[in-house]
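Structures incoming, each one as structure tokens.
What follows is subunit A paired twice: with subunit B in the first complex and subunit C in the second.
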Partner chain A sequence: MVDRTDVTEDPPSGPGSAENRGERSPRFSFTPAFVLKLLFLAAVNGLAIAGLPAMLDQGWWPGVASVVVSTVFIDYVYLSRRTVPAKYLIPGTIFALIFQVIPVVYTGYIAFTNFGTGNILTKDQAIERAESLYSSVPGSQRFQLSILASEDGEGELALLLTDEAGNRFFGTAAGLEALAPGEVVIDDAGKVLSVDDFVALNLGQISDRQDELLSLEIPSELGLVRPITATTAAVYNRLYEYDAQTDTLTNLETGEVYTPVQGNFTSAAGESPEDIPGWSVVVGFDNFKRILTSEAIRGPFLRVFVWNYVFAVLSVVLTFALGLLLAITLNHPTLRGRRVYRSLLIIPYALPSFMSALIWRGLLNQDFGVINELLGANIAWLNDPWMAKVSVLLVNLWLGFPYMFLISTGALQAIPDELKEASYVDGASPRQAFRQVVFPLLLVTLAPLLIASFAFNFNNFNVIYLLNSGGPPIEGAQTPAGHTDILISYTFRLAFEGGRGQDFGLASAIALLIFIMVAGVSAFSFRRTRALEDLT
Partner chain B sequence: MLKKQWRLMVGLLLVLALVASACAGDDAAEETTTTTEATTTTTEATTTTTEAVEETTTTEPEETTTTTEAIPRADADLVIWADDTRTPIFEEFGRVFGDENGISVAVQEIPAIEEIDDRVIQAAPVGEGPDIFISANDVLGGLVANGVVEPLDLTAVADDFAQGAIDAFTFAGQTYGLPYAVENIALIRNTDLVPDAPATFDELEEIALGLVEAGEVEVPLAIQQGEGAPYHNFPLFTAFGGYVFGTAEDGSYDLTDIGLDSEAGLAAAQAFAAWGESGLMDWDVTYDIMLESFGNGTAPFAVTGPWAVPNFENVNFVVEPIPPVLGGATRPFIGVQGIMVSSFAENPLIAQTFILDFLATQEAQEAFFAADPRGPSHKGVLAGLADSDPNLAGFAASGADGIGIPNIPEMGSVWTPWTDAYQIILQGGDAEAAFRNAADQIRTAVAG
Partner chain C sequence: MAIAETSGRTESMTRRAGGMSPFVGWFRKLGWRHLVALAALVFALFPVVWIVSAAINPVGSTLTSQQLIPESPTLDNFRALSNTVPYWSWYRNTMLIAGGAALFNTMLAALAAYAFSRMRFRGRRTGLLSVLLIQMFPQILTIVALFLMMDLIKDVYPAIGLGTRNGLFLIYLGGAMGVNTWLMKGFFDTIPVDLDESARIDGATHGQIFMRIILPLVAPILAVVFLLGFIFLINDILIVRVVLGLGNQENWTLGLGLWQFVNDRFSQRWGLFAAGSLLAAIPIIVLWQFLQRYVVSGLTQGAVKG
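Up next is the complex of A and B:
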């Protein structure tokens, strides 16, 4: 089967090489690379097969279909010889789908739901929760319990109850009856073994028949007898009943009737019981309406919005200016020790930014920070509204300039010296040469990176939140907001530190709006960049 | 020819795939269903009598700051989620319980107890959650609102536990968790600097500021501000009669009655402004600065909880209640940790049996206490405390009249406005306006 000579004659150089061998007879040859490919495909198929049972369990058919179709497609593409372009396109497409498209689509979907604290379940789950709530009957006694079942533990379930006076009762779904002492078979240790043909279950058997036991309600004069643990039982009353016909939930104690409103069972008076959960539903544009009309959200919104743009633009401009300056300086061929300088400058970039932000927070502490101590001053770095803005920008400058330095150095080295020399020959001063020749060329390469940097800083949650939590607070704001809050940290406060906990619907709606803003600015900038490219 | 090759290939692939999927097992299933999430630092120890389940310890790259990655449910009859301190206890008692009853118990370690509730909320509804988990009482309301926690009938064991601890796990008339630890803050006094306990808070202020003036200390009162300000300032706030939410007639919280802009709350605001003015309290005292200054003897007093005490081994100190302010008693927030059953538990009855029959005993409660000496909630364990651990006895004395942190989900909208208000006050802003505005912010947030 395996053609050994074929292997030695024509060692393949990679997974794609088999296709490039032209018009040979179609055949799979077991070269090491091919075996590797096979193993990889096996892993992909294995993942798919391992994942399918869970999806089948939940009856999630779109998931099952997409896994089967995509897996078969991947197998076909990598085993066939006629699909060379697809072989290169597929990995990128898969990663783009997983990391870009799906999160954006999912965020978009969540923005139109009420998903968040109190509304995370499905409606069926919420009803099941409500119907499984019992109230214990006041003053009712507790029973010692043995759980029994007929037919060697496989048949009907029964509860053997012993009250505090030692009276025994035998309960099945049909009802409760008193037992004479002789009817119970007990071992020497006092452990119940059997009653008639009902035998005691051990915990393993109880675990296997959990669901039946939990739905077992033994009617009695006081209420429903139910097991609390495997060894105790008590009398309870049901709290809620759901009527599927009218789609209403009734509180059996008070008689209050609740109807579903926006994913919560709500009474006629507009109140929802606090002991039962709501569920997640699509609420249309409600979240967007709240953002646009709620006095509380709109209050500080404009200030936050303006500062967000100022912060993002200044961050890019300042870091780029400093980075470029250093790059030009260190690009000078006569400078000694350039490598050492360059390595040192990259340090802030190499540290994790959330660590640096926390360290800066400590350094800038007004009364106990090292910086004020060194300066012998008492500057309110983080506590004064204006100084806090300056501090945030300075720390972001410290964090961001090494990146700009790196890309500027790269771009500078890519510009041929001849161009500069040619401009000198034409009589340009060094400044003119830089401004009119080098800088435009630099921007052609760097503009997309600067736009990306703007988008990044527009949502630079780490620096804002970790350095000063968006503070200091704006006095008199309708909703908590700080002088250095940007939209994303303001959103975080609104959606996760207010209301009843977490409001993913609202957070997603704001995230979508931010996405649109950033996309708009980026699209505009890219168009401007194209104009730059025409220069060259 | 070609067809035959293809058939061979497909057959081979299938076999390999089956092998791979068998090796990948449950983890692979997890990876495909939740694409962007991965397993992290899961330490699971599985003990069983009926079958041999291997002990697995997987440690993968450490977590980044904000992402919480999913931890899939372990494969066992009873699955418990606990933090690192409590994991060995559950393992020990789980082993005994499992051996006696022939069921398998797995304990999964979650990096921090504060993360457990969020993880349960994410995992439980999709069937990946535990049967039993631990958490603090202040998140109970959120767990109930999300429908992920099962009522736990504590009537049989209630007499053995402090009533306040059980109340902390009561929500809308049902009990939900077995408490195992109680914690609150107290005054910690450096006995070398201040040999005698101040009788009033005014006296404390005088002593503290006097020591600063004399150059003996740098920080008069090491009380953490910043993020934890409302929690740490609460005893002083209550001395004026302040409260968070008022109570309605039926004992539930009245969400329209916010204590910050009540008469008592505004009086407290003025007092905090005065303490800020005099230099007794300083917004720049963070948790680290509190630890450092009291720990190296440059602060005569600290206000903090039992978790900070291990950092104070270089100074001589006592733990005592914060003295009354103008005759008003100081009442700290009480936080309670407890053991709960998920409403999506696979084995709720077994879980309840394990908790009520095995973990409510004095022996188990003593193990919880020994693992992490916070105030015990079990009366039997509490009884022997004064002799064995004077520090904890001091914290218990401070918390004797404490107030449970409201366990309603709306409490989430209190912390940020209140923190902002304290910052404004301690930095010289208009004190009454700050508390009034914070109360308005809370009302707006609660109303949605």
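Up next is the complex of A and C:
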């Protein structure tokens, strides 16, 4: 181990000192690093300033605080001379924090909520939705309608209403008043032009302000007058009323009172009105309990769980075995065409795997796939539970062996030959030398990469999902689970393809479990391989 | 290299002593290696040959009617690709987003690796272990959270929120710290510290040491991390789909676009898929051929030393 000296102490830096000290190359007085630094700082500060108005506007104070604090911190780190390591660590860390760590934490939160179809809003949004529901007043009359607005059609909206008897009313959000005939300006065709400052809107203006019109309600003694088309208005009553004090929602038509239960307004009889959406609430360990106790989820979950491990381990073992075999075979100095072989053999790895998976899907098709055609057989590669597993492993072997071949070749070439020579001197056969000297060294070298490969394959969504969509389906399973599904594809299907809609809470709970399992296995393997011993 | 030489020498010595015919000797020494290599090539290239064939088969031929070597090979699929979908926009997007993000990630990881390899500071061990831990939680597991976050960001920074290519780019940058940092740190550790020392005595700043001494020496690992990152990002279809899937097709990437070809009607647009895949694979395979030797040394060298 090289003994590295402590370099935390910063030598004088900055453009000035670079000029003084770097006489041999004055053109580097503005070092690339310094220019990068300036650009980076400018971008960070610019981005922060650009976002602040919108955040202040929405009153999103946690956002404002974190943006200001982190920007000031970044400026400090880069303008100070005492924070050298941080200068190098911050750029990657920022992105990792925002787009990796925060999503993980957020996933952890969602796992404890009932977030999903039907419970996707906040409570305030749900109440707002409920209060925007109306019931029409039975037997009430309709009005002929002209839509007007002040300030040449840009300002406050108003409705000019004419009832069946020909009486005219002028309504704004403030209320309804009767009009004398003379107050309305009408053209020869009987079309309303204006009332006071309010002028009639044309169809284009009406469609521009459609959203405003839909939420416009004019209070009157009859009820709430609302436009229903561009030329008619009718009287409505509000359907629900929310009482913040008692935290209840009352149906004004039936008098039924609803209280919030698990993110849904629920009546005493336990029923929730279908027209009011639910909102997401923290439900504690409910999602995890469902995984353990609900038969429909637990049964397939256990099968998927076991297969996930089998798939990941076998994928690593098979690809490594084939890759190593090829590396040993081709790693011979007098073998002609080694470079050509190598260049061609890595093509499966160089091809984007989403393409390869789809290509294999076509090749392995039972009825018109090329493989069955070539073999003259009718093998159910993708439809038989066992063959589907074999196929997935075969395709993953195809995808992964070039990588293992590459790293094995590199590792073989990096092992000092003195070691092997020494073993020959001690009387070892080539096979013994390989098994007892080369292979253990190879494993030490490649262990971190093999573990990374395991972690990757544990969540190898592309191969499983694109090759066979996790199929064939497990018969009798009540959730969408297939014989080749691994946890992440199962989760994805559960979250986005379930018959009952999206269940983000449950999906996040499974995502957390996957994380714990992968991290656990990796930590265990790292400890076994002592790859972390170097970390002083 | 050297090991193989040794074993080669040993083998040939034994052979000569045995007095076999030249062919048998050649076969036992090298010939079988060619056989194994050829078998592996057939396995590796068979699907590739088949997709080339699908691309030049006439438009409308299905999996069953396709001939390995079509009687009338045609470029119709390629033409249809340009005419019916914004294929070249996908292509440009992919190269810019995946390529740009991979490049950026490489630089970010190199910066971090430099600090971890060359400096001793409080929290260094914790930092290295956290990087390892982060890596265990792939971004696709957090897809729901990412979606909600991007939706929130859209309100504040519309230019980088949900449905924008910039947003996708930034999400990809979230993966900069991870196994890359470790790989690079291992490689950086193999560069003798004496080099930094002497440069420092000559008055170089830490920035100059990094840019002008370390970076040129670690070029192989930079190539590796870039290439592997590029391939990884090109393969992403889940995050792209969530961020850009509902928006304008012009903004899509190759992954999303090509997937759509075969997602709805597999057999009907097979030719287009094949042609599109071929064109997409070319730059990556070319890159591989150039960077291959770096990849081999880069991936293993850092690990060996540790």
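Convention: the second predicted complex is superposed on the first by the 405 of 536 C-alpha atoms of A that agree within 3 Å, B and C clash if a C-alpha of one lies under 4 Å from a C-alpha of the other, contacts with A are read in each partner's own complex, and residues count from 1 in each chain.
Everything below uses one rule, namely that contacts are C-beta pairs under 8 Å (C-beta built on N, C-alpha and C of every residue); 3 or more make two chains touch, one makes a residue touch a chain.
Because the structure is predicted, anything quoted here is derived from the model rather than measured.
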item: First, second, both or neither for A:Ile98, with subunit B first and subunit C second; value: both
item: Touching partner for A:Pro448 - first (subunit B), second (subunit C), both, neither; value: second
item: First, second, both or neither for A:His332, with subunit B first and subunit C second; value: second
item: Touching partner for A:Thr162 - first (subunit B), second (subunit C), both, neither; value: neither
item: Subunit B or subunit C, by number of subunit A residues touched; value: C
item: Contacts of A:Thr172 with subunit B and subunit C, given as first, second, both or neither; value: neither
item: Subunit B versus subunit C as contact partner of A:Thr117, first or second or both or neither; value: first
item: First (subunit B), second (subunit C), both or neither touched by A:Asn237; value: neither
item: A:Ile346 touches, of subunit B and subunit C: first, second, both or neither?; value: second
item: First (subunit B), second (subunit C), both or neither touched by A:Tyr106; value: second
item: Overlapping contact positions on subunit A, where the subunit C interface meets the subunit B interface; value: 28, 47, 50-51, 54-55, 63, 98-99, 102-103, 354, 362, 365, 368-369
item: Residues of subunit B touching subunit A in the complex; value: 1-2, 5-6, 8-10, 12-14, 16-25, 28-29, 31-33, 35-36, 50, 65, 77, 101-103, 121, 125, 141-142, 144-148, 151, 153, 155-156, 171-174, 227, 282-286, 288-289, 343, 346-350, 352-353, 356-357, 408-410, 412-413, 415-417, 420-421, 423-424, 427, 429-430, 433-434, 437, 440-441, 444-446, 448
item: Complex contacts: residues of subunit C adjacent to subunit A; value: 1-8, 10-11, 29-30, 32-34, 36-37, 40-41, 43-45, 47-48, 50-51, 62-64, 108-109, 111-112, 114-121, 124-125, 127-129, 131-146, 148-149, 155-157, 170-171, 173-179, 181-182, 189, 192-193, 196-197, 200, 202-208, 210-212, 231, 234-235, 237-238, 254-255, 258-259, 262, 266-267, 270, 273, 277, 280-281, 284-285, 287-289, 292, 295-297, 299-301, 303-304, 306
item: Of subunit A, residues touching subunit B in the complex; value: 25-28, 38-39, 41-43, 45-51, 53-55, 63, 67, 75, 79, 98-99, 102-103, 117-118, 120-122, 125-126, 129, 132-136, 142, 202-204, 206-207, 210, 213-214, 227-232, 234, 273-278, 295-296, 354, 362, 365-369, 383, 469, 471-473, 475-480, 482, 493, 497-501
